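Quick one: the structure is below, and I'll ask about it shortly.
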Amino acid sequence: MLKLDRKDTLLLVIVALMTLAAPIILNPFPTGSALAQFNAGYPDLMQRFVIYGIFAIGFNILFGLTGYLSFGHAAFLGVGSYSAVWMFKLLSMNVLPAIVFSVIIAGLFAVVIGYVSLRRSGIYFSILTLAFAQMSFNMAYSVLTPITNGETGLQLTLNDPRILDGARAATGLPVTNLFGFEMRSTAHLDIAGWGFDFSVGYYLSAVIMLLAFYLSMRIFRSPFGLMLRAIKSNQNRLSYTGLNARPYTLAAFVISGMYAGLAGGLLAAMDPLAGAERMQWTASGEVVLMTILGGAGTLIGPVLGAGFIKYFENIFSKINDSILHQWFSFMPDGIEDFLVTLVHPFIGKGWHLTLGLLFMAVVIFLPGGLVEGGQRIGRLFRRNKAGDTASPATTPAE
Amino acid sequence: MSKSTYSRRRVLKSGALSGAALAMPTIFTASSASAFTNEPTGDTVTFGFNVPQTGAYAEEGLDELRAQELAVEHINGIGDGGMLNTFSSKALDGTGLMGKRVTFVTGDTQTKSDVARATAQSMIQKDGVIMINGGSSSGVAVAVQGLCQEAGIIFMAGLTHSNDTTGKDRKANGFRHFFNAYMSGAALAPVLGNAYGADRRAYHLTADYTWGWTQEESIVASTEALGWTTTNKVMTPVGAGDFSSYIAPVLNSGADVLILNHYGADMVNSLTQAVQFGLRDKQVNGKTFEIVVPLYSELMAAGAGANIQGVYGSMNWNWQLQDAGTQAFVRSFGEKFGFPPSNAAHTCYVQTLLYADAVARAGSFNPCAVAEALEDLEFDGMGNGPTTYRGADHQCFKDVLVMKGAESPTSAYDTLEIVEITPRAQVEYDPEHPMFTGGALGECNPGA
Amino acid sequence: MDAIIIQILNGLDKGSAYALIALGLTLIFGTLGVVNFAHGALFMIGAFCAVTMQKLLTLSTQTIDPEKVDFLGKPLVVDTPYVVNWFGPETGAAIIDWAVPLAILLAIPVMILIGFVMERGLIKHFYKRAHADQILVTFGLAIVLQEIIKYFYGANPIPSPAPAVFRGSLDFGVWIGFEANQIIYPYWRLVYFAFSAVIIGGVFAFLQFTTFGMVVRAGMADRETVGILGIDIDKRFTLMFGLAAAVAGVAGVMYVPILSPNYNMGMDFLVLSFVVVVVGGMGSLPGAVLAGFLLGILQSFASMNEIKSLIPGIDQIIIYLVAIIILLTRPRGLMGRKGVMEG
Amino acid sequence: MGILEVKGVNKRFGGLQALGDVNLNIQENTVHAIIGPNGAGKSTLLNVLVGKLIPDSGSVLFNGQSVLGRKPHEINQMGISRVFQTPEIFGDLSVIENVMIPCFAKRDGAYRLHAFESVGAEDSIVAQAETMLADVGMLEKRDMHAGSLSRGDKRRLEMAMCLVQEPKLLLLDEPTAGMARADTNNTIDLLKEIKAKRDITMVIIEHDMHVVFSLAQRITVLAQGSPLVEETPENIKGHPKVREAYLGEAQV
């Protein structure tokens, strides 16, 4: 039914199960415990995991398959967000038209930027995309403020027209919904000290992410995907084989731009605000890091990378000294203080340092990203089990 | 479904299947276990301190964090009590808040609206905070204020100077103690008039984003009211670094005052470079060329070093004030950390105490009750003299400081000196002043 | 007319900063084939060498002055720098005043050392790896370096003034027949411009006229052949990395009076210098210098009021706009070679 | 009329006359070799034939249609395939995928957005590729990483990729350059085999006379950018002009 082979079906099922059970998996520590700091199972962060997962999956279709390294993909994410918020302001609080609109607008942007940028390859392509994205960011931050609300970010106001939902009484801002299901409504479940949050917004994002993942799987396994990998491998041979690389790369660029727009639209659907920083080069760099960190060209890598970075940004940055003291309070005072001093540079305001060190460690020791790490562990496990010498030949990671 | 209410923290009976929750999530929006978002249930209550800890404003954010930590200690009865001793309201007695110990969580806004909203979300959803305080930029303040309004908790703004925070973007759940661009203009103009005369031609360099624009609008209005003319208003990109190509044409334009509507690193660089160009050694129109920086902070003064000597600007508060509240705060901050607090630290400290006091007086953590207790509150003893929290726009009205770079500072901390304490009456304005219209407070949202 | 001359002068100065960073970046890319995202961080560390020099020169003895009090009402602790104690107030103050130029003496060995350590310890292992990996690992390194600096020096910009003799500006316009105050130019920027010219000229002369330089240039063109000739090209490339780091470092030192250094400044320059390098053409040293000056001058022109009033916000996007136009009309930048980084 | 007609082609690079008034007429279903000393213009001519260079004047007609100004992929779609000096294959893909790509190109044209079909489900394409691999004796290597093949196998694979498209004209650019004698002979056998099995026109640009005389039915000798002689191999061997052109170059 899904037109996937057994291995891929298995991967999809595992990803689906993990995603749907994420509210439980990501909250492994009891609510009151000291380690609860590491729980990530709250709606906002889970939404970010899957939404940035979508962004990275889309980026990987371009970078992982064709090898074209775009340094401006955040522009499409930003455009998607702005489009969605404008739909909320003008049309309806229903997320469906907003998401559809953001995908379309981001796609149109991608057609224009891709058409121009793909005239060059290699680093020249990267710089062209970077230039377009930085121009978008700078304009959105300043000159285009009437459309983007500049530094503050575009947000809903009490006097938005909203043609379909009509003007509400000015009691408060309306909430994004899908045919009445409010994105932020959350069911909370307490079991013996553990707390779990199941939010509508997360499950909508998760389902869309699974669709996006499935779609990318199909693209990877399609003749189109084969052509894209051929472009990465040897563009010269491809053209002497009678194939025109340009429309293939453009299609890949536009598809990945639409993925970014989808992610941007979803971000706005979860929290109706669109900031210009979403388009800055650092944001574009982030998705590159996510993809490479997870494993470029692999199916699941980008999703892992996205989760990894977002986890650090949100969890490590919130650990402060008083939490450290709490953790180490069982130690004698002197040792407690010593340990706190030792860990202090790496947490809270120092979370960037930890992230930088981890980037380096992953690239140095796991050139294939986290996926390669997983494969190595898997191989080790299999080898121990079988007791034989498994083939050391590296197969292209899928 | 019913109204657009925030429906987090519905407590399911432990026996219920999570599957049912997935299938019909809205079932539970009808039943309500708590009256408002994150109602504290245990023996603690959690505040969220959302400040920049990385990026250009990290030092300012960390100073805010120190002050916030100090405020929590004082509320919980640790230390010397600081401003609680001088605060006109005596509802707080150093035994925590309504019988609960105050704890806090921290987050890194990176001075980006998006990130700040994400950390605020995590504080609300994960840590169950009842109030968020802090921040070092107006964009962030407006974004987080909007989130708190939607989530149904109180936002006590940190350092945010744009008119919009309590102007077009004002919110019922948001409160600002810090002063704003209009007040800077109103306080500065008379001092500038006295020092430089009524016949001056001003050239503006303005950071090209919302705060810059409101700052420029305010200072242009108040200096023109003084009789000055405005020769040019030039937008500069945020983070330009090298401002030489904007500074070089200034002398030639016939202007004799340069007004730098910049903040943070932009201001440090533009002022340093303007001084390097020798502008202040020049004579134009028979007068000495002058530079004005409408909004000062300790961060900027430290960054610009000797270049600020003799340059006028305004501030919300300064540790050199002599009132009892200031002295109490500076003593308790200085003893703990070894240096005097910044005005960003002061505003966050005061905001935290004001929130706690409002809770204590209202006898409830319900944000609507707290908001009511804050609205039109008259208080004193927190520095800045008698202060009003105006109910119409949630803006504090108090004395504003006009500062000048000290000619011969004795230490790293007195590089700015207080020139004048502008009385509050001079900086007051109508809540519907044209610079502040375009938005509405809306109604207080308790969430849940 | 005067406005145009002003902006050309400003552009030359901006351009010399861009050119210096782009030069080092190109040296590393051209010789080692490595895309170094930590180059901005090297520039930043150079700037902090100046800060460190200031701190070293103002290392102080502490005495208590019972007459005065500090902000808490305790007796004031007065710092007297050792150099003042040793050389007397006049000379001591003069030495402190010259901290920034003196910092070059500190920066050169420090930067070469950092360059060596970076190349031998990390970059060496990435010669054969994909450019994406190089970018990621050097980006990670940039973050780490940046955070280390932040840990020791904080996030605030630190004022680092030029020596007093260079404060103020030259009335350049008077020389060429304009009225006073029409075209002024700060002395320190003239110093910076001259300094950059010397460094750029020095690097070119070094590559052109020394045997070392010739081998390196040959290695840039064809690494394998040079290797076959029995020349230990790796060792020379290590030195080259040290040299590139030193160029970035001294560029940073001299820039601090213009831009008060903070830990994040490297990132701001990184993107810009990459644009410069690519516009110049990957791997081309003259291209990098040419593009640096070109973009600097164009950026200055774009910030003129007359132009900004025609196209609002043009000064914020001009660099990127020019980059796009040049890359579309000249596929490999101004002076790039075919096949470099196009795969 | 031949399948490929080159009429009056001129090409200058600065002051150098790379091709001067080249006329060629290649008959259908023959193996035609173009030989000549270094710098004779062989590579330039080949690049003109595949659309990589545009001549200053003259025309190149393939089956009566001009190839000038067309992109390489368009020329390929007209029925001209090319084998390179060093085998150009998709090194990151598997052997079978390498052969499937030209099959897709033949069936679907230069571009088609077939993003939702599955490669594995394209039975006819897979069968076609497997038959081709069997033809060149590489079927057992179908799942190997193409980049890890031996040089000889890479050459075979490249041939297979060209032949599976059933081109009307196959251009070979020094197919045995740099090969050991044994490999060269294998390649000659492979080409002979290919020629025996199907109707195909081949143009070989070659240095190695052993290869040329083993395969070619017609030979054109190029010198200083112009054709000197066009003859059968037997007549070329003793031709005085050829000896003159090759003096000291190679033993004929």
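For clarity, chains are labelled A, B, C and D in written order, and residue numbers in each chain start from 1.
In the analysis below, contacts are C-beta pairs under 8 Å (C-beta built on N, C-alpha and C of every residue); 3 or more make two chains touch, one makes a residue touch a chain.
Quantities reported herein were computed from a predicted structural model and do not represent experimental measurements.
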Co-neighbours of chain B and chain A - touch as defined: C
Chain nearest the overall C-alpha centroid of the shown protein atoms: A
Mean-CA-position distance for chain C and chain A (Å): 34
Approximate Å spacing (C-alpha centroids) for the pair chain B, chain D: 74
Approximate Å spacing (C-alpha centroids) for the pair chain C, chain D: 52
Touching two or more other chains - residues of chain A: 138, 142-143, 352
Multi-chain contact residues (two or more partners), chain C: 312-313, 316
Complete list of chain pairs which touch one another: A-B, A-C, A-D, B-C
Residue numbers on chain C that touch chain A, as the complex places them: 35, 122, 125, 129, 131-133, 135-137, 139-144, 146-148, 151, 267, 271, 274-275, 278-279, 282, 312-313, 316-317, 319-321, 323-324, 327-328, 331-333, 341-343
Interfacial residue positions of chain A with respect to chain D in the complex: 3-5, 218-219, 221-227, 229-230, 232-234, 236-244, 247-248, 251, 255, 396
For the chain B and chain C complex, residues of the former touching the latter: 54-59, 62, 208, 232, 234-237, 239, 241-242, 244-246, 248-249, 251-252, 265, 268-269, 272-273, 275-278, 281-282, 284, 299, 302-307, 319-320, 330-331, 334-335, 339-340, 410-411, 413-414
Touch list for chain C against partner chain B, complex: 2-3, 6-7, 9-11, 13-14, 17, 68, 70-72, 76, 150, 154-159, 161-162, 167-169, 181-186, 188-189, 257-260, 262, 264-265, 268, 299-300, 303-305, 308, 312-313, 315-316
Complex contacts: residues of chain A adjacent to chain B: 24, 39, 42-45, 48, 138, 141-143, 145, 149-153, 155-159, 168, 170-175, 180-182, 184-192, 196-200, 203, 271, 273, 275, 277-278, 313-314, 317-318, 320, 322, 348-349, 351-352
